[in-house]
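Structures are listed in the sections that come next.
Both complexes below contain chain A, partnered by chain B and then by chain C.
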Partner chain A sequence: MFKKILLATSGAPSTFGAARVAFDMARRYGAEVLVLNVMGVPTKAFSHIVNDVRTGEEIEVDDEYRAWVEEELKTTFEKQFEIVEYSQIKLTTGVPSREILRCARDEDADLIVMGASSGDSSVYRKGYPGSTLQKVAKAARCPVMTVHRETASYWGGFSNILFATDFSKQAENAFRFALKSAQEIGCDLTLLHALDISGKVLDQNEIEDQIIAARDRIRTTYVPLMGDFKDYDIEVWEGVPFVEIVKMAREKSADMIVMAHHSRELNPEKARIGSTMEQVILRAGCPVVSVSKPDKV
Partner chain B sequence: MPEGIFCNKTPINTDEQLKATLNDKGGKQYYEEMNQLDVDSDKLWGAIRKTMKSRTRTWLEICAHCGLCAESCFLYQVNGRVPEQVPSYKIQSTLGVMVKKKGKVDNAFMQMCMETAWSKCTCCNRCGMYCPHGIDMGIMFSYLRGLLYSQGFVPWELKIGSGMHRVYRAQMDVTTEDWVETCEWMAEENEDEWPGLEIPVDKEDADIMYTCNAREPKHYPEDIAEAAILFHVAGENWTVPSEGWEQTSLSMFAGDWECCKDNVLNVYSAIERLRPKRAIGTECGHAHRATVIEGPYWAGREDGQTPVPYIHYVEWLAEALRTGKLKIDPAKRIKEPVTLQDSCNYVRNQGLKDVTREIISYIVEPGCFVEMAPNKEHNYCCGGGGGFNGIGLYREQRNMALRKKMEQILDTGCKLVIAPCHNCWDAIRDLEEEYEIGIRWSFLKPLVIGMLDVPEHLLPKDE
Partner chain C sequence: MSKKILIVDDDQEIRSYLSELLGDNGYETVTAEDGSEAVEIAKAEKPDLITLDLEMPNEWGPRFYRRISQDDALKRTPVVVISGLNAIKYAIPKAIATLTKPFEAAQLLKIVKDAIG
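Coming up: the complex of A and B.
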């Protein structure tokens, strides 16, 4: 299911976890790794002078600079390049989110793997709101895996996938991806709905009724889609959704969380605090896959 | 007659030449070669005799050296009010001398002219409004740039810029395939949120043909998507041409007249091919000046008009808001102090000052709009016009030039600047980067999309 994995990296340590997961998956599943580095964000109108994405310094991209960046990437990920059969490096300039999306489309990538935010870099913004991840997750046709707080669990491959649903249309796409992964990889799947009771004082009976209803809804919505697949659990936990998802991942020793992304809000002030997915990415100890579109699942 | 490999009198006409010139980092070799470049005085004088019209000759002669233009020039103001920055001095000491000497000038003189033409004038044309004789130094500097270009004395980036137009018929290396593909991509990326959204390419007899700036497909395709969303919501019957979509003209900044004509003919031939009722260009100032204001003359159109009415984006947007094709949700209007950057190229040069303010009246909560001072046709250049933004050699001078706009913005007390022009948008972005005054800046399209009252039938169904 993964023929082409697009690893978007600035080459900075914050993306090393993403690189390890991407290369490890490629080796395990015989996929090709496309290492994409967006060297800089264009500045100074139409000229090819860019601000380096890591240092923010102004640089001029020419053949010499390209060769240097390529060499740096090869050295940084030297060991990883050795373990995979197919890999290539792509260098470009532009706004990182836009170039990641462009490359994923041009190359028909099956999965995008990237690190989470390495901080608030004004270089990335350039007048457009939203983080690179938010923008990529919103528009990508394929699943987007983010590796922020990586643990070592995935060294043995994936053995437990946690699928968290809010019953949205996008969650159905996320489910298909989670199921297909579990089937092909041969691992366990947990279907979780986190019942949002944050900021509400509810009667305990009402909470329990809602839990029962949610369990039924998971059963009627997703179980018929699973066919012969039996290695699944259904869980509904009440609380603040991102906390419950992270707790469940820990409980199940999950090594991948799959969720839907459907926030339309790109304004960082509004979206970042409200977004369950962003919170899960920041807190979970395993890669988090966000699925928005049905195309590649 | 030594001609450099990169710096010479021949325009860039092939992709190989483009790539080679680009790889000369910062134009290092280019500018070294320029020191050796000979001036072809006969050719220069021939060009002056052939192309210098009576208006320019008269202007050069009747200038009374009164200096009333001095204070009108923002570059004079921000550079310590030195005499060398007085517009009349700047043009008399360059084009004036060149004509007096009948083209018999040397390399050092030409390099001085280059520095003056590209780092001491943004062709904003403000001086022309303050001269008692109506002498417009900006127009004469555009002319001087043409003479300099023909002799190979042009900043490296602009030689490349006009080369891009010659090779790609766009200011950046965006091919027809790239462009069409980008349109498909943007329609696809937004179709979930905007069911039925299309970017029709080469549709004949549409009401509107839309043209843009190559930076959009190259780096900021959201802009194309935003234009599509607004046309879609407004219910317009529109199209983009597969060829002739690029409206900008770095060749105008470079003084590459031959290429200017080619650019604009390329756009006009798209109009003739697709027969739209009218054409609309993106939020760009110089693109409008090149294609709509000056273009008809470059193309040799005697009536001075474009083949069909060709309006600026702000004109369409004002019309769509006025007629109710686009409706603003009053609750979502801008509720903070906000100011507006008047682009020289379509405000001072075409008078579209009221149109942008009409848009402001729809999208800003009454009482929140703060005018810059001065404003409208008296507004100052953003600081990066006429190609200034893109020239590495004059970076320091450009950064100094941004100070006027910075002062103007700071005086308004606003943290949000609406800049419906690519060049102004860039200059204001660079201004923030350089001086960190804590402002945000935006085109109109994303702001308007964020406050639309979208009709029910255009919203996604299942959510």
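Coming up: the complex of A and C.
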């Protein structure tokens, strides 16, 4: 199911985890890795002078500079290139989010893998994923995998996928991707609903009634869609949703968390990445996949 | 009867070094070069403690840990993570200790002694 994996990287250390996961997946599933580097944003339309994505410096992109960037990428990811059979480096200039989406569309990528931000460690960036990820995750036709923390890149094949649902319409696409992945890879699937009781003082009976109701809802909503697939668990944990999702992933040693890109906004063109998803991306100890559109699931 | 330690590391030199170090201090050792092999050996040998590398070619340390933590006979076996990677303390939160390569022999021996005697 992963034939072509697009790794979007600036070459910065913040993307090393994403690279590690992308190449390892490619090795395991015989996929091709396309390493895309957007060298800079043109200072004027079609200009050869660009502002470097990482440093902001003005650079003239000529053949010599392209060759240098390609060599840098080959050196940076030298060990990873050695483990895969099929790979290619793609260099371009432009607005990073647009170029990533364009490349994914032109190449018909099955999965985009990227870091959560370009590495800015300011308080702002620590609390929110970067704008490139926001834009790519919203508009991509294929699922977008984010590897933010270094510990999220300790990866050795999928043995348990955690699908977190809030029962929204948008979660259906994410479920289809999670199920298809679990079926084709042959791993376990955990279906989780995190019951949001943050900021509420509820009677314990009421909480437990809601837990029972949520378990029933998972059974009636998703189990009939699973056919013969039996390697699943149903879990409902109450608390703050992003905390419970991260905790469950840790408890179950999940290799991948799958969630809908957003849940409340029905128009995908208007929706920004959901706040729960945002926090899960930044905190999870495994890669997080955001599914926005049904095209590639 | 001496305590048995399973050493899981893809680096032959590290395996030999740890085998010698722990062997000289009265422990019996068995070794595995990746997570898949280590699961089979762990099931057969029932070690008292496992030293675990994180980055290995066929199966990473955390995958191995997940597999043994599902096995009733192995899930309480203490694990010491030994790796050159950064942020290793987050990789297996239930490990009893984490050591970053290069490490002091005395440090490892103290951890092992405290855990299994």
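Keep this in mind: the second predicted complex is superposed on the first by the 264 of 297 C-alpha atoms of A that agree within 3 Å, B and C clash if a C-alpha of one lies under 4 Å from a C-alpha of the other, contacts with A are read in each partner's own complex, and residues count from 1 in each chain.
Note that a contact is a pair of C-beta atoms (placed from the backbone, for glycine too) under 8 Å apart; a residue touches a chain by one contact, two chains touch by 3 or more.
Computed from a prediction, not measured in an experiment: that's the story for all the values here.
Trainee: Please work out whether A:Ser253 is in contact with chain B alone, chain C alone, both, or neither, and reply first, second, both or neither.
Mentor: In the superposition, A:Ser253 contacts chain C only.
Trainee: Can A:Asp63 be said to touch chain B (first), chain C (second), both, or neither?
Mentor: first
Trainee: In the superposed arrangement, which partner chain does A:Arg98 touch: chain B (first), chain C (second), both, or neither?
Mentor: A:Arg98: touches chain B, not chain C.
Trainee: Regarding the shared-chain residue A:Arg149, is it in contact with chain B (first), chain C (second), both, or neither?
Mentor: Second partner only, chain C.
Trainee: After lining up the shared chain so the two structures overlap, which partner does A:Asn160 touch, if you call chain B first and chain C second: first, second, both or neither?
Mentor: second
Trainee: With the two structures laid over each other on chain A, which partner does A:Pro42 touch: chain B (first), chain C (second), both, or neither?
Mentor: first
Trainee: If you stack the two complexes on chain A, which partner ends up touching A:Gly239: first (chain B), second (chain C), both, or neither?
Mentor: After superposing on A, A:Gly239 lies clear of both chain B and chain C.
Trainee: Using the touch criterion from the header, give the chain among chain B and chain C with more contacted residues in chain A.
Mentor: Touching more residues of chain A than the other partner does is B.
Trainee: Tell me, which parts of chain A touch chain C in their complex?
Mentor: 149-151, 154-157, 159-160, 250, 253, 255, 285
Trainee: Flag every residue of chain C that touches chain A in the complex, lowest number first.
Mentor: Touch list, chain C to chain A: 35, 54-56, 58-67, 69, 85-87, 90-91, 93.
Trainee: So in the complex, the part of chain A that touches chain B is made up of which residues?
Mentor: For this pair, the touching residues of chain A are 42-49, 60, 62-64, 94-95, 98, 101-102, 105, 122, 126-128, 139, 168-169, 264, 293.
Trainee: Can you list the residues on chain B that touch chain A in the complex?
Mentor: Contacts found on chain B: 22-23, 25-26, 157, 161, 171-172, 185, 189, 192-193, 215, 218-222, 250, 384, 389-392, 395, 422-423, 425-426, 429-430, 433, 440-442, 462-463.
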